[in-house]
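The letters A, B and C name the chains in turn, as written, and every chain counts its residues from 1.
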Amino acid sequence: MAVAGPTLWAFVDGHPLVRYVEALLRGAGQVMFQSNPLTGFLFLVAIFWGALDTDRWQVGVGAVVGLAVATLTASLLEVDRESLGEGLYGFNGVLVGVAVPTFLHVDVYVWVHLVIGAAVSTVVMLAVAKVLGTWGAPALTFPFVLTTWFLVIGAWSFGNIEGNGLGPAKLPTAPTTAATQLEVSPLLLVEIVFRNVSQIFLIDNVVTGVILVVALALSSRWSAVFALLGSAVALGTALTLAADTASITSGLFGFSAVLTSIALGTVFHVPGWRVLIFTLLGVIFTVVVQGALDAAVQPLGIPTLTMPFVIVTWLFLIPKEEFVPVHHKPLIGGVLRSHSAARSSVTEETA
Amino acid sequence: MAVAGPTLWAFVDGHPLVRYVEALLRGAGQVMFQSNPLTGFLFLVAIFWGALDTDRWQVGVGAVVGLAVATLTASLLEVDRESLGEGLYGFNGVLVGVAVPTFLHVDVYVWVHLVIGAAVSTVVMLAVAKVLGTWGAPALTFPFVLTTWFLVIGAWSFGNIEGNGLGPAKLPTAPTTAATQLEVSPLLLVEIVFRNVSQIFLIDNVVTGVILVVALALSSRWSAVFALLGSAVALGTALTLAADTASITSGLFGFSAVLTSIALGTVFHVPGWRVLIFTLLGVIFTVVVQGALDAAVQPLGIPTLTMPFVIVTWLFLIPKEEFVPVHHKPLIGGVLRSHSAARSSVTEETA
Amino acid sequence: MAVAGPTLWAFVDGHPLVRYVEALLRGAGQVMFQSNPLTGFLFLVAIFWGALDTDRWQVGVGAVVGLAVATLTASLLEVDRESLGEGLYGFNGVLVGVAVPTFLHVDVYVWVHLVIGAAVSTVVMLAVAKVLGTWGAPALTFPFVLTTWFLVIGAWSFGNIEGNGLGPAKLPTAPTTAATQLEVSPLLLVEIVFRNVSQIFLIDNVVTGVILVVALALSSRWSAVFALLGSAVALGTALTLAADTASITSGLFGFSAVLTSIALGTVFHVPGWRVLIFTLLGVIFTVVVQGALDAAVQPLGIPTLTMPFVIVTWLFLIPKEEFVPVHHKPLIGGVLRSHSAARSSVTEETA
């Protein structure tokens, strides 16, 4: 969640605005666990590329607005400075900012909706990090998922919030044979591997995926390796299970698995054979959960977002104290802080 | 959750029956966080007014039966006397007692259903208070919501539990323009502000709302102020978002927001500018969550009850240790007790 | 969860394979909280009887494969040896192994699905036990329920995972009178009491139920008594509420209640009058929750599995420190371990 990265503007270090911009860039990077402003900057470039390629500038602007509002809210709530500086209160805001213009028809109401949602995502982050910190687990992107679900379901209740690519709500049915037969070519497979990565930001674009992987590699080569590995394994799993081909080709069966792979494979564990097998089990199961949740949210007509990643990564991280041979990097930043805060309140009682 | 209020019958203080009646009245008051027997008595008056105005005496009697059974169950389970006396094991029972005759056709089966539900609500209260106490948060009305959901969904499974104003279960669809155009008059707005309050007890009645606000003011003026403020802001938000007008006018977009406003604005924080802004964000988001959950429960044909209040208030209270400038009144009673019990068990291990 | 039982092969004690087989048999027994290899062996016999009686050998083989894979996974993850030996990492695997061939059309894909699911059930067990251990509560069969839901919903998303007796997904409706009129005979009632027990393993078979009760009695007479008592009370409750007769007669309104009865009545409490009343309230409410969840999962076309038991037993166990007169047997094995591990990490911080 927080690999130390270079400080780009060391010569102006200390100016509040610069520190704020740096926190924003690191916040973008934290979507894939990278506390690195250059990586974060390239992530934003990748988002804009994908957004402009389909004439949806609102998605790019939404990302920046969501990032800025979420981080500013954290600042106003006087959260700990270290976590703020690491961008831990920005990554959920970026995703809210990308998701709202993707699933709702953008007008002035929806911009206000986005700003309120981004602000709330920071409050949710604080709450979720504190709860999950009890078991040493990070909040992941659950604050984004929960907040965005509330925002987009509103399209079914509010006349001034109009859905765009949502639903319709329907009951799940068994897939037809036609929907599960994919003519596979090597080129298509490679494209899907990168689309799986780009869909982390809800974008279906090969170039975006390539930029994201390069940006990731600049910060952490292992992360880039596990991103591609997870993407390929997820693709293979989805093909084996015969998932819906339109969803597979647009990367919708891979983005959660990519995040699971990075998280389990390198961020929260030290890479190794045992961890590799454990991670692959997690990646395969993420695809299973993806299929399950895709069906489960159909009666509400909403997207699963990164919930499959959140569920599987929590389940695979929480037991970690139990299997001794797997070593862990220490968590730093907001997650630990809320965790240690909870602990120190116990300590005070005990002392 | 427990502002110390006057003891009405000081001269007979000590008689068990009097203490039990006082606990019951405080329990009614605790629905809006007031440990005040007079306020609780007036709450019951307000419920009976609204119930009799629509010839549904069962709702009033249900409230008293639910209150008595829940409190008695707590007594039999030998919970701590302080929390019992403060009414903390009664407020969920009142609400179960109001909800069951509101959503189910009342006959002898449903009365038994109500009694079992009220007894179970106390067990659920103990469990939820213990779990949430881990993060210093109160159970709120979640025990009522969970228990009542189980009771009313039964109408779809049991031939002897017949729904009355439930469902039908359906898939959510985007609202039509006709449903979202409301001709607003100043008088109507004022009425809705009070109906929002009366719907806390699932009653659509202006007089009930007025009695509730007066009763609230007798115990805590700040609570009455935040109730009205939250109600007005929720109304404005629902109108801005163009929610269903029938729901708005009957107060269904405001009752959860009123509770959020009282909880965040004055009960768990000391009122102030920063808290005010934080509270308003919570109130607005409660309306968003109300719309979301209204749609989300449609496939089950059940009401949202106070779940939007519970979700938003938990999310906004749990991080509290994080933003230092906001001070908090200490929690007392059962919630703290279960919290300190959990802590002291840690202490024992540690010692 | 772990009543000490006889070691069958004391003369070969110490040989790893024997210890592994013993852990497997105890794992089967742990489905009903019995750490007893003979009881576990008879449970497997009961499963095979019911499976072969309907020509579904895959259900029996699935049980053994699920048990073996889940236990082996725990061994590879180097969980604590005591819990492993007590079978605490096997019972969810047995149930996954029974459920998958029951709800999915068995082919090579589904066997792989089953193996992955059984392995994941152990990871989920570790996570859930750690989380619930915070409040001194056991994981129960929630790891089985969660994992199996993910596996079977896949039938709506994956062309190579075909449902068999699932769904169709539909919206809940009020029951018709015809569906709730049962001609009751004494023989039928006795049969249902045993079918309620056999449905714990998703099998509708009187002989299986009888074998299970006998096997239970060999390990713990109180457990057998509470199984039959819970089964009878659940049957009476379902009849009183007029549940669907086809579901009642095949035991579907009783299996969760049987587990609740054993758990609350004897495993986690010392039997007595107060505990008896508390247990009966839990059993009756389990039937209410069964009806509620049966309706709630209809839009997804999936079974409730043992979720009603899990919910009610958690709600009724978590408050236990609160009502002092009820004594508790200490929890041992994995659940406690994760609990004490969490505590000792606090201790380390504190020290």
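Rule of thumb we're sticking to: contacts are C-beta pairs under 8 Å (C-beta built on N, C-alpha and C of every residue); 3 or more make two chains touch, one makes a residue touch a chain.
As the structure is a prediction and not an experimental result, all values here were calculated from the model.
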(request) Over half of interface residue numbers shared between chain A and chain C means same, under half means different, so which is it? (result) different
(message) Quick check: superposing chain B onto chain C on C-alpha atoms, how many degrees is the rotation, to the nearest 5?
(response) 120
(message) Quick check: how many Å separate the C-alpha centres of chain A and chain C?
(response) 35
(request) Indicate the residues of chain C shared as contacts by at least two other chains. (result) 134, 171, 299, 346, 350
(message) Per the contact definition, I'd like the list of chain B residues that touch chain A in the complex.
(response) 134-135, 171-175, 177, 179-180, 240-244, 281, 284-285, 288-292, 294-296, 299, 314-316, 318-319, 321-325, 340, 343-344, 346-347, 350-351
(request) Going by the contact rule at the top, pick out the chain B residues touching chain C in the complex. (result) 77-80, 109, 113, 116, 119-120, 123-124, 126-127, 130-131, 134, 149-151, 153-163, 168-171, 299-301, 338, 341-342, 345-346, 349-350
